[in-house]
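Please read the structure below before turning to the comments.
Letters A, B, C and D mark the chains in the order given here, with residues in each chain numbered from 1 onward.
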Amino acid sequence: MDKEILFQVNGLGKKYNGTTALENIDMEIYKGEIVGLIGENGAGKSTLLRIIAGVEQPTAGTMQMHQKPYVCQNPIQANKMGIGMVFQEQSLIKNLTVSQNIFLGRESGYKKLGFMDWQAMNRDAQAALAAIGIEQIAPEKKVMSLTYSERQMVEIAKVFNMVGGKLGGGAVILLDEPTSVLNDTEIQQLFAEVERMKSDGNTVIFVSHRLDEVLHICDRIYIFKDGENAGVMNKQDATEQILYEKMVGRATTGEYFKIHRQTIPRHEVVLEVKQLGQRGAFKDVNFTLHKGEVLGIAGVVGSGKENLCAVICGDEDYDTGEVLLKGRPTRFSSPADALRAGILSVPKERREEGIVGILSIVENISLSNLKRLSQNGFISQKKQQATAQEWVAKLDIKCSGIKEHVEYLSGGNAQKVVFARAIFSATDILILNHPTRGVDVGAKEDIYHVIRDLSAQGIAVILLGDTLDECIGLSSKLLVMKDGVVLKEFDCPADHKPSQVDIVQFMM
Amino acid sequence: MPKIDLKKSVNYLSAVSIIVLVGVFSAINPNFISAANIKNILSDVAPILVMSIGVTFVLLIGSVDLSVGAICSCACVMTGTWFSQMGNWVIPLVLLYGLLAGALNGVIFTKLKIPSFIVTLSTMSIWKCVALLISEGAPQGIPLELWPSLRWIKHSFWSIPIVFAIGLVVLGLHYVIQRQTIFGKSVFAVGANERAARIIGLDVLNTKMFAFVLSGLGSALSGVFFALILKSSLPTIGDQLVLVAMAAVVLGGTALTGGKGSVLKTLLGVVLVLVIQNGLNVVAVDAFWQQIVFGALIIFAVYLNADKGGRGVIIK
Amino acid sequence: MGQHVTVAEEFSAKINEERRKARIIDLAPLGIFLLMTILMSIFIEGFFTVSNFISILNQIASPLVLAVGLTFVIVLGSIDLSVEGVMGFTGSIITLLVLNNKTPYDLGVWGILLSVLAGTLVGVITGLLHVKLRIPSFMVTFGVASIITGIGILSYRGRPASVLEPMFVDISQGTVFGIPYLTWFAFLVCLIGYIIQEYTAIGKHVFAIGENESILRSTGINVDRIKIIVFTWCAFCASIAGIFGAIRLKRGEVIIGYGFLFYTITAVVVGGTSLSGGKGGVLQSLVGVFIVTVIQSSLILLGVNPYVQSAIQGSIIILAVALTVARGKKFIIK
Amino acid sequence: YSQEAPKKVTIGMAIHGTDNEYWNQEAEGGKLFAASLPAGTAEVQVLTCDGDDAKQLNGIKALIAAKGKDVILYVDPSNAPNTAAIAEVCEEAQVYWVSVWHLAKGLDPTKYKYYVAHSSVDGFTQGYQIANAMFKTFKTPGQGKILALQGMLGNDSAVERYAGLQKALEENPGIELVDTQVADWSPQKALTITETWLAKYPDIDGIWCANDGMALGAIQALKAKKLNGIVKTCGVDGVSEAIKAIEDGDMVCTVANNGFLQGGYMVAYAYAAYTGKIDPAKLPFEKRLFLTKAEYVDKNNLEEYKKAFMSGTPTYDFNNLDYPIAGPFTLKK
């Protein structure tokens, strides 16, 4: 590889009135490589990418592209210079079509006599999608009718297309946790495309919390810690273990999923589901959930597991079968109803369903169990704050104070807040839907510990793992769903975990 | 944490506009801050305040209540008309009416899932009609011989008129509800992110319902105030109050988009609007210019209050 | 497991059903309108007559033009409370600029253009105040409404001028195919609005802003510029409505705008445009205007007691909207 | 400032709003009176209320707070009952005041020290008068079908004038009132309603309108169908355009309320009491409560009326306080 420097960052810093997000970052990025960027939640990864992409301005330091100073006021400028970014949170406009999204802000090329030529735009969008190997998405469809992973593919197609003019000339593509909503096939597809970009002489900066992915695809890996550069490694020199130590600043404590703390479920059945079905989503689902059990449900997106959870937590209704709660048939009218009965879910779409962004950490943590914080119907502010303080400490939530708005937390820290609330609600049954999505490894460990604590207390958990690994590691029983039906049930005792291969064959 | 406290004080910037305006007005005419005029302003504030407090909760859940003016008119007519038979006992009855009227909005809104704008626009026209029917289409005074039993409404504690004192008590109650009850907390969550509020397990429907009930109650109380202060039943008294009350709430700093705000801010907003209205008369702005100056001052006041910190914050 | 229908088949059936339902709901306002028209034709004497249809078309002109402007503002997720004021303002000053009994000016068509320009300028100012001073549109337009109404009154000092300009008579009484000029013109404005909405980038950006403004900002699109344009367009439409008012009444005073704000917002919302932004459109508003106007005119034809008229109108609107909203468990309505 | 300077009195003119010709006339009347005083001794401040009782009362209280006892007030009450509340306020503040048009039921100004006078125009009679005049112009006088446009619901004048129409209808059994609607004093609404009506009732003889503004709106709808002058209209107020419409034959008649006269003379009463020139307590009832003249205008007296009122502002001798008294006023019980 000719080591031609494509992009350079010197002494870059970013302060947000008071908090330092980045400090004195140096980076060199070569033409035609894939650079990994890892770090704990809030380490500054997204911030750096946003600065490079022109969304935000640095408060210190300089950048260079092609050895020339690079100053960028907005993302459109960045695109013109060959830099494009896929954001961590979804950034498509749902009520516009796929093609309108792909060419958002670049419509001027499609004007005919002052009016838009949508046909031409659709054709080009089709081509842009095809360029990354996607055929099944119609460009004239509205984005709101797409699934999440389809949306992610559209975003990637959009960014690839935006810097497309630079292909071969050395474009920089920034991917902020692109894989967190993709299933395995889609991830493979994405990686193939990333490799192709690289072989065309472009550079990709890739942020992910899945260290195996990073090791698999990246040539070099930068590690950030607390807004500073904690080192850079070549792929050959790195292992998951080493990366982990560098980013967390300590070694992994024993094995990952705390399997030694896995308990044997108690005898008592808290929830039973018989022949449960929801039209068009799943049918004939049977299982029992015991006190202290972690019941994992594995399956690809669209296998019906999400809807199953939605039904159990009262968000959606079922059409056939029955749900027995401690032996009694039940039908929840709303999640509030389910909560009263002792079931609460930690939703997957954090921004949309999990947090109330403009409220503080204190409020977000206490919302599911305000009764516990009240005396004679009045909420005690003191108790509320003490509780928040306690959880911030326990889960090591990085924030400027418990009064901080949750929308200002990093994705991972926001997730911890959601988690804190779920546990604090002290329900009998918790549904954890991708509880560690976008959470860094250190925090994952904390969360795993908490899950084990919960089972020890006898709380039953239904888990849709962020990875299959996680699902196997944490569960004591595992259902595999495909196309709306349960294909297989695995027992996962601490000493006899099934292998990924065993399970994947039922999923695909 | 002093930093946080500073942030909080920024939330109450409307106070600055009030101080600026009071300063300007009293510089032009010192009588503006005479005890008599302050008493005037405070008693003018009271009816609008109690209405706006209820409206605050509705705006906090991200909805609107256009029926407050009509409920107020209707309450005013009921009080004025039935006072001769029932005396002051009419008041609890009218408040009960307000509660039911609010509940009706809430039920249609939550059960039929019709946008609040439409629901309350429609109930507004219904209550307007009821007000006209009860009053037989014309304003009626409360007979002069009954005035003695209304004397209490003119009572004041030092310079604080009793209506304003009642307004403060109502404000205090709502502040406690807002800060210290499950309903209060739910209101903010529902307004800020209804989807999340639902998943979190909050009772979204009841929260919405309750917000409308409070709004109905407040409006009815304001109607009672008008009837007792003006000593008549006025079927059109509330017509122009919808926008005034909403403007006062927003001026205080409560967001129309929901989830952000406070009843305390509403107090400031209401005071601000009435200080401007009163001040324009006290400093003798020409009638042809009053509306123009009023509008300009409102814009100026919102500008002073505008949160100039977060450029990222989206303003709708 | 071994059933005849797989979940996948169920799923596609369900999706199709939902699509169909969504389409029905999108078309519901139109259906309601047609249903209402049929019922009223049967039951109301004098409704199904050419002269009544023409009178409805006559009445529709001003609210339609206002609604076309307001639709864009509402799709943004904002609101414009100043339309009545702008309408009254333009409707007042135009009567002072064309041949009238109060001022010596006789600018003819130039008077029309000049007053439209003045009204439109109000929109520019509103837009600038909104985005530059970062004041919520509700408050800016509340203030501007008061200011502009005041200026309107000031312009004729409380003594409205009456128009002597013969052109006004020609316009207000001229018809093509029996339909008044003004109504044709309103349809034209509606068509322009539709073209802007569907065939320009700005039109799409307006919907995008209503849906998620921050994405547009981070894409580097000049959101402020779009908002200013939208408020300008809305004021432009309100000015046109003001001119219509003056042409119809031959008399200029600010109260020609009174009552149109809620009328128009109601029409826009009944048509299916959501006040929270991002959804709806010009055609929906067209249907909405028809629905509200037809209700109003039917109540007049029925000779319903004026006391009760508004209450009935309110109840019908609730019913109409109740039939048109999607009502899933998870559906969020504000 | 020095005690010697002559006291300056503020004349508060509490009218409905500035957006109507008649209301402005009232204010102008007050200014005419002020101009008749030595320069620098009086200033006029106009208070508007837009029909809102609370706003009117608040404005009056604010004015009194601003100027103390050197205020006299002319009140065109937003609604009749408000006079009672204002009477209370003025009595406490010892501010001399007068009112026009409406009086609260049971309120007797002569029982108050500071409530100097009240004058009214008889809304009932106005409604009655124009109705009768209009009926006479029908093809067969006294025979026909009419429509009626009422003023804002809940407003006193609207109620009174409509009651006048009712009486006229009773006396004219040949006239059928086929429909009535409310146009809120708004020409725009009147136009819309009339358009709709004309679709249903093509063979109507007349439209009774509670004020000129609505009549002018209705006339535009009639003009579009070339029915102006054929379908008769009438109104109340005497705004300049209505006079023009009578001249053109589009309107039968109107009753001109003379705002200049009401505003000027009633303020003169308050001022006389304020300066001590009269002692209200000693005035007989009929000199404190009376009806002022309203000019009925139709084709016959049009020219006279125009000469007297339209070419320039009228001039009055405000020393003659008996001048505006045109008839006895009876208290409503």
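Heads up, the rule we're going with is that a contact is a pair of C-beta atoms (placed from the backbone, for glycine too) under 8 Å apart; a residue touches a chain by one contact, two chains touch by 3 or more.
Being a predicted model, the structure only gives us computed values, none of them experimental.
Chemist: Can you name the chain that lies farthest from chain D, using the mean of each chain's Cα atoms as its centre?
Modeler: Looking at centroid distances, A is the chain farthest away.
Chemist: Go ahead and name the chain pair joined by the largest number of contacting C-beta pairs.
Modeler: Highest contact count among chain pairs: B-C.
Chemist: Could you state the distance in Å from the CA-based centre of chain B to that of chain D?
Modeler: Each chain reduced to its C-alpha mean, chain B and chain D end up 33 Å apart.
Chemist: What's the distance between the Cα centroids of chain A and chain C, rounded to whole Å?
Modeler: The computed centroid separation for chain A versus chain C comes out at 43 Å.
Chemist: Quick one: chain A and chain D, Cα centre-to-centre, how many Å?
Modeler: Each chain's C-alpha centroid was found; their separation is 72 Å.
Chemist: Would you give the residues of chain A that are in contact with at least 2 other chains, written as numbers and ranges?
Modeler: If we look for residues of chain A contacting two or more partner chains, we find 315, 334.
Chemist: Could you list which residues of chain D touch at least two other chains?
Modeler: Counting only residues that touch two or more other chains, chain D contributes 18, 153.
Chemist: For chain C, what residues touch not just one other chain but two or more?
Modeler: Correct list: 153, 157-158, 307, 309, 330.
Chemist: Which of the chains touch, listed as pairs?
Modeler: Between chains, contact exists in these pairs: A-B, A-C, B-C, B-D, C-D.
Chemist: Show which residues of chain A lie in contact with chain B when the two form their complex.
Modeler: My answer: residues 18, 313, 315, 334-336, 338-340, 344-345, 347, 352-359, 363, 366-368, 370-371, 374, 377-379, 381, 401, 403, 421, 425.
Chemist: Going by the contact rule set out above, which residues of chain C touch chain A in the complex?
Modeler: Within the complex, chain C touches chain A at residues 1, 3, 6-8, 10-15, 195, 199-201, 204, 207-208, 210-212, 215-216, 218-221, 278-279, 329-330.
Chemist: For the complex, give me every residue of chain D touching chain B.
Modeler: That would be residues 10, 18, 27, 45-48, 50-55, 57-59, 61-68, 79-82, 84-85, 104-107, 152-156, 159 of chain D.
Chemist: Taking the complex as given, what residues does chain A use to touch chain C?
Modeler: Where chain A meets chain C, its residues are 54-55, 74-77, 87, 91-96, 100, 104-105, 107-108, 111, 114-116, 118, 279-284, 304, 315-317, 334, 483-485.
Chemist: Considering only the defined contacts, which chain B positions touch chain C in the complex?
Modeler: Touching chain C from chain B are residues 61-64, 66, 108-109, 112-119, 121-126, 128-130, 132-133, 137, 194-195, 198, 243, 246-247, 250-251, 255-256, 258, 288-296, 298-299, 302-303, 306-308, 312, 314-316.
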